[in-house]
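Below, subunit A partners subunit B and then partners subunit C, in two separate complexes.
Take a look at the complex of A and B:
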């Protein structure tokens, strides 16, 4: 029962909201739920990798903004790259978005593992740096006129389902596969559980840590692709308010902030819960700030609950 | 009587480290306390220091029952400890360290502020008492280790204690400073301060002690008075005591001629000096030394866990240029470290995950590909049967809930699964029960018979004599003696480890 508590919580919340919140249980809102969930879920999976190693990635949303802006510059017809063939510009743009995210992840990972700096400090610094950079190079302007095909990502279906759902499913499966089936996944858990034991046991602790940050960068850029497409705009302030949602999804999913403990399906439920909360409170007409207060309280409760669980199992 | 310890027993879990200790001490006398590593000296002192509480028995201090529950209780009662490991704040000055528990205050306009002048005067007085001529504002981290030790002693004096306990106080002192320390101890004694002096240096203990007590395996085996005029050999006999019984299983093979592991002039600044030795195939090589001799430091450095500043290591006649744990695991060399919780276990994880940890790459093509758990689980099960672990579930029980002996077997299983050709094992049986001990010895013998070599680090001489083909003795970061099997002799080995050249 305790294992499935979050699942039932989501289910009950969904049912209650469906009954009580006008407009919640509709086709329109259901799509909106799914489309809001996908980027958050993808980013949370990346974040979870980092948290599993005992770190944290505060730069997630800064990566999102930088990646969005880079993609915008490459793909927008307002700017100079002028790659003639539309499919090629898409490929280059998307590849560049992923590459910049992974590059920032690499900087984070190397600073933490090789320079031995605290993850909190490193990613706080890269967060501030790349947030600033994104705003500075764009002069705080959004970038419009992205390719039609890119903007239509959410309205293009492959095998009966919109492309973003496939992207979400692939990242989810990839995240699950690496963590549960490969050596690397076992190493990630071990590094977070007890880095010293991992080292003595011949594990490449540094490389494992770097991988987690690069993977987080990859996931966050994936999320940036979805957001940018949905907004049809590349924005230098993209995702500024969802950092807590990303980390919150992982924590509500029961991952330990000390590392070594956490499951993909639980993080998925954590993301679902945050989206349900966000969406229903919105429909109830609560102000943005009120919603922030409630979400903050929920996440703090989840941290408390985790701490309590940790202590009771010792 | 000034201090009376009556029937004090201390258990840590199932292991009893002090058994029924009785000890009485007159005011203004010096008690010398000796015993092997792990005999219980430090535990006894920690009880007086309020760090541990006795499981049973009582202590009478100055005619009152004494039951400290924290170090500050003991300090207030008038007992000071000079610890073997220094308890100083390296980032603070000498002055601040000496007043860390209570800086003098003064009132300025109704506001209570630190009284720097009074503090400084007191610090200067304490420093001159220990013979340390140095500026009180010097940062402790910048001092030499001898100076730090003297600051630690000054700190113990700062509360004007009536009982001072010294635990190996002169390990890093020079001859001159040590003489100074002894003068100070005599002076304290003449001022009616009572002193307990713990040391491995038996000559010092005999020179200082009005009374000398010997601990062995948590039991107080003998107490002598100055009038008994006993010598070091008597003390060594008491420390070792029991006969070596037939507890150790017989191994049916002898070391082969082939050298598989060799070090040449290993050097690490301040820790290890010119360590050269070789290890044969199917040999069990023992490494003995007292606490602080550098045993664990050496094996950790060899395995690439701590830095080496020079020297070379070769494995199967090839120089190992990058000794890192990952490379050693690949070469089938395993290290079982001394501290299970620190870097041996994933305490919150299951037995299966713990045991699989070092072998994962062997069961997949590369780190990114799928682990062959079916094969892995099969072999884990085999290993667990060989190590005779008692457990409920491989996949549903975190290893921190296992007993010490079973935890050690889990780590051993982890390494056996890698099929090592050399097993370096640091304190193989520390803190584990007798049954598990035997299982581990027996298993090591079987593995050696099948071709493995072992480097066994231990602070128990008996264990080494019972298991090894050859024993090296380390002292002050270097190998000082080598004993062949036919020359194994407990007193000789202990003496080799104790004796200081100064």
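Take a look at the complex of A and C:
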């Protein structure tokens, strides 16, 4: 029962909201919930990998902005490279978005594992650096006129389901598979549990840590693809306010900020809960600031609960 | 439990009223102008017995998109958006069009004329031109030469571009007495405005003619003027001719105290009234429509007779 508490909380919250909030229980809103969930969930899965190793990735928003700008720079028909539209441009643009996210993840990972710098400082520094870079590249302007096929990602279906759902499902399954069915997944847990013990046990702590940050970069840039497509705009300030939601989803999902503890399905529920909260409070007409206060309170409660669980198991 | 209590309490308090509902999403409420606009829209809706759901995106275009989707899911009868910029509003318009819900764009013209929407926007060019012309006439009356400075907004924003164009065209007709010596880029940021204004006033000691593209930059501008010993009332020999755009409470205060010569005012009540009317009558579903607010210029001579129309003078 205790293990499934978050599932039941989400379920009860959903049912109560369906009864009390007009417009909540409708097909339109269900799609809205799913589409709002996908980018957050993908980014949260990446963040969870880093948190499992005992680190934190504060650069997620900067990765999102840089990835978006790089993609826009390549794909826009009236900005940056100005390449004539073709399917190849789309492929190169998307690949570049993923590559830049993974590159920033690599810088984070190497700085943490090889230079031994605290994850908090490293990712804060890369956040500032790459946020600045994104603004500098674009002169703080948004990039428009992206390929139609890219802009229509949310409205294009493959096997009866919109493409973003497939992307979300693939990242979710990949995240689950690596953590639960591979040796690498066991290493990630072991590094987060106790790095020194893991090293003595022959685990490649450095490489495992680097992988977690690279995977986080990959996931965040995947989320950036979805956000950029949905807005039909590449923006140097994309995702500026989403960091709290990303980390909040992981923490509400019960992952330990000390590392070594966390499950993909729980992070999924954490992201679902954040989106349910956002959507229902918004439909009730509560102001943005009130929503932020409630969300902040929920996340602080989750952290306190985490702390309490941590202490009670010592 | 607390969250469930919030849900329960809210559902009891906000029993759905009869009549239509409009969802209003603002990009920000960070300046007086946006707060006053939101209040004016809500007041207009209240007078017409229209229910309102409000949302603020806090500068996040993605969040605004999600908020509008939430409105659509709730089945609102109309949507009003004050968008982050002219492009990110396009997918929002498409989403409203797909749901066959009338959408009104407040204060910012969408970049592409695709889809069905109604836009209400001040005639930034004309209002600015008339305001600066008034300032130029004051300058002409003194038989002095003037060095001018303009605080320009974010040039990715069409409103800022049009205000700059209005300023340039106005002073071009007075090129014999007015020379533009400084253009301060602010990107609608008060800190940048302050630093830029101080730098320009120090580099050009003789600047004595200033226009700010938005009244919300007045605190920065006044600080810079005080810093360089140039802040004096009208009538003082060292008074700097000063004008702004918007019509906010700071501008009203400066006008009343005799520091500000003129201000271009957006007729907020007219804009809100026309936009709500267009949404309710579902005009935007038939053809794209632009409602232009001609605005007006308020200055020392007409202050008493026009002050009632200046939104900044009538804030609670």
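Here, the second predicted complex is superposed on the first by the 309 of 314 C-alpha atoms of A that agree within 3 Å, B and C clash if a C-alpha of one lies under 4 Å from a C-alpha of the other, contacts with A are read in each partner's own complex, and residues count from 1 in each chain.
One rule holds in what follows: contacts are C-beta pairs under 8 Å (C-beta built on N, C-alpha and C of every residue); 3 or more make two chains touch, one makes a residue touch a chain.
Fair warning: this is a prediction, and the values are worked out from it, not measured in the lab.
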item: Partner chain(s) touched by A:232 [first = subunit B, second = subunit C, both, neither]; value: second
item: Subunit B versus subunit C as contact partner of A:146, first or second or both or neither; value: neither
item: First (subunit B), second (subunit C), both or neither touched by A:94; value: neither
item: Residue contacts on subunit A - larger count, subunit B or subunit C; value: C
item: First (subunit B), second (subunit C), both or neither touched by A:271; value: neither
item: First, second, both or neither for A:204, with subunit B first and subunit C second; value: first
item: Subunit B versus subunit C as contact partner of A:282, first or second or both or neither; value: second
item: First (subunit B), second (subunit C), both or neither touched by A:193; value: first
item: Shared contact residues on subunit A - subunit B and subunit C; value: none
item: Subunit B residues within the subunit A interface of the complex; value: 303, 305, 325-330, 335, 337, 342-349, 353, 356-358, 360-361, 363-364, 366-371, 398, 414
item: Residues of subunit A touching subunit C in the complex; value: 12-13, 16-17, 20-24, 26, 28-29, 31-32, 35-36, 140-142, 144, 151, 227, 230-233, 235, 237-242, 277-289, 294, 297-298
item: Subunit A partner contacts - residues on subunit C that touch it in the complex; value: 2-4, 6-8, 10-11, 14, 16, 52-63, 65-67, 69-70, 72-75, 85, 87-88, 90-91, 99, 111, 154, 156, 187
item: Sites on subunit A touched by subunit B in the complex; value: 178, 181-184, 186-187, 189-190, 193-194, 196-204, 260-261, 313
